[in-house]
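There are structures below to look over.
Same chain, two partners: subunit A is paired with subunit B first, then with subunit C.
== the complex of A and B ==
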């Protein structure tokens, strides 16, 4: 899906846990997620902390979307 | 560490007055068995049945399959950390009721348990159509959380196998096999010219009912470590899996791991089989990186020349497999991988979710997406209804006449990634 949407000229950020698979598949902007059963959350956290975590991930993805890349880039800072 | 495995061949299984083995027949006192496995207030009822090879019987949904064994000499007891204390097992003597199995079944625990057919085309795909199966159909109390349900049924299966295994304690085995692994330096001294080979044994540990236990420890909480191969034969590794039945290792398969047995076969002749590195398949990238770093580090530390790596499961564990392969290869150590494939119903899709050019020697255990047809059976132990929701099933899998059309995935042990079955493919 990532590749097909990009082929249509729309940049995509792939938020995913297993970064190597995303690299194998060919995503260009990759944001590492939390864990496979809960990529965008963490049931071990309180509701407030989990919300903060989610917001931070979405903001990081938006930032990645704005960033010009030359080749596959993992935003893991 | 040296273990003598005494195989007692079981040709038939019947209910009887006393639990005993006589002339190759295993008799089971049902009442005593129920007393041995009962007492968990999370389980409302347990029904016991027997399924024999060739019968028109379907068992589903199957949670685990376990081989009855008993330790007759040496430290510890069978299934350390669950049934026995946590003494180190794997030495002395163990008796095996070869040809008998305990199968736990009943109300579906998760969403993806398997099918065992005792005859017909489905029987060809599972090794457990050839064993005499004592089936425990466990019904949980209402509203029992899934993880509690899984644990309760797991323990019932282990207790039943240990109870039945006791019947073999004083029986003279029909066949004795000896397996021995020397401490590392002694082994290297004894076989100075042979290449050093180990087995990297990947254990399914994704959580959410995909778990494996080592001496009672949830293996997602370990860092990769070393284990003598014979420890595994005494039940050091126990399955807590009940998902995607085709390529998960039931406890039976751990006890009988063909990679371990085959590595012993030519040990001391063509190579020095130095031991087993166990590792996990966790759900965060950091865990995957850490565990594969450790398998590679241990392989280097042991001075290995080659390893065999087996996967358990599919999807994201394909990445664990590739990371192990890539990092061990980078140490100058040869690797052979054992996996299965999810290549689509026509077999034309990419087989694994991940790939690497270091993976240049790979053994497949078959394509789990193949569609198979299972005719109706005269008798069903358990419940047919989950056919539409188990992994490999789909809406409409269960036909009104009781036949099932589904992917091969539904069959317990069909595409065993430790080679405990007959499926494979060869490219010429």
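== the complex of A and C ==
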């Protein structure tokens, strides 16, 4: 799906836990996530901390969308 | 006697389904689950001395650590052959089988074989490194897969010559060998063409590699005024799954209006995905589809607007052809709606 969206001309960032799969599939902007059943959350945290964590990940994804890339790039910092 | 160690996931190990996918590796003496039939296929010259079981999510979330732990377990048995799976079309299981096979082969110098459906992501990741027997997409193909895995495994363990992918049933690794043929190339090419014109089967001698890569689009220039859409393969749907998107092998996607929705709650949204433990997503679907924080960022002016609709499907054994079809269809809608960027989340 990432590839078809990219092909249509829309930049897309893939937030996912298993980065090697995303690389194999062909995503260009990749942001590693927390865990398979809760990529953008962590049930062990308090509601507030969890939301802060999610916001941080989404901001990282937005940053990736604002960054020019020339090939597959993993935004893991 | 050829000593074999077999790797399987928590499901085939009889430990549990998705709720147990986070278990750490453990080792059992002898055969477990499909190991029994595998032992039958291997015959009397080989013995499965141990079975290693690991949760698919644990392995994929801790690739390096899990590989290291399992390598140690394999090493203790000093096997002559390592078999993983078969994983059929289970993505995380395939990645686990491929990763551990590659490590056992390279670090311990033990022959390895696995089995997967060609669309399993583990195939593209590891087909160059290891022998992967081509299987059906589901466990119904077990009876056919095990004899082929056993046969190739025994050949590898005995150091016998390995035939072509078509002869042995493994997925082509991209290895080319020089061989002598009875007929010269021009004749073979014409024969192939004639067969093709007649609609008869023929086997190309040089399949073209399939590099389906899409170059990245330019970055978003003006995020503050950009319309951002959310897409997910994590199966988030309005409570009750109104379009009945299948829990696996999805044949459709959903498009849902989130105008005015500030937060996905337990009462309003859930996941239709059958390939991961749904507890966390059902409690709070924002953990998969971050509507709540995008609404905040919209209010704060970080982004222009969150697109009115999100698109969703279940990425669980769903065919590549279907996923491609879904996305090429809705991508046109996204373009027409003036969406400037997409955040796609996967579980």
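Everything that follows uses one rule, which is that the second predicted complex is superposed on the first by the 77 of 77 C-alpha atoms of A that agree within 3 Å, B and C clash if a C-alpha of one lies under 4 Å from a C-alpha of the other, contacts with A are read in each partner's own complex, and residues count from 1 in each chain.
Here, a residue touches a chain if its C-beta (ideal position, glycine included) is under 8 Å from a C-beta of that chain, and two chains touch if they have at least 3 such contacts.
On a predicted model such as this, the values are computed, not experimentally measured, just so you know.
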*If subunit A is used to align the two complexes, do subunit B and subunit C fit next to each other or clash?*
clash
*Is A:24 in contact with subunit B, with subunit C, with both, or with neither (first, second, both, neither)?*
both
*So, A:32: does it touch subunit B (first), subunit C (second), both, or neither?*
first
*So, does A:66 touch the first partner subunit B, the second partner subunit C, both, or neither?*
second
_Going by the contact rule stated at the top, is it subunit B or subunit C that touches a larger number of residues on subunit A?_
C
*Of the listed segments of subunit B (40-48, 76-84, 184-192 or 418-426), which one clashes with subunit C in the superposed model?*
418-426
*Just which bits of subunit A does subunit B share with subunit C as contact spots?*
17-18, 20-21, 24, 35-37
*asked:* Could you list, by residue number, the parts of subunit A that touch subunit B in their complex?
replied: 17-21, 24, 32, 34-37
*asked:* Going by the contact rule set out above, which residues of subunit C touch subunit A in the complex?
replied: 18, 21, 57, 60-61, 63, 91-92, 95, 121, 124-125, 212-221, 223, 228, 231, 233-234, 276-281, 283-284, 286-290, 292-294, 296-297, 302-303, 313, 315, 323-324, 326-328, 331-332, 334-335, 339-347
*Can you list the subunit A residues touching subunit C in their complex?*
1-18, 20-22, 24-29, 33, 35-41, 43, 50-51, 54-55, 57-59, 61-62, 65-71, 73
*Which subunit B residues qualify as touching subunit A in the complex?*
206-208, 283-285, 288, 316, 318-319, 322-323, 353-355
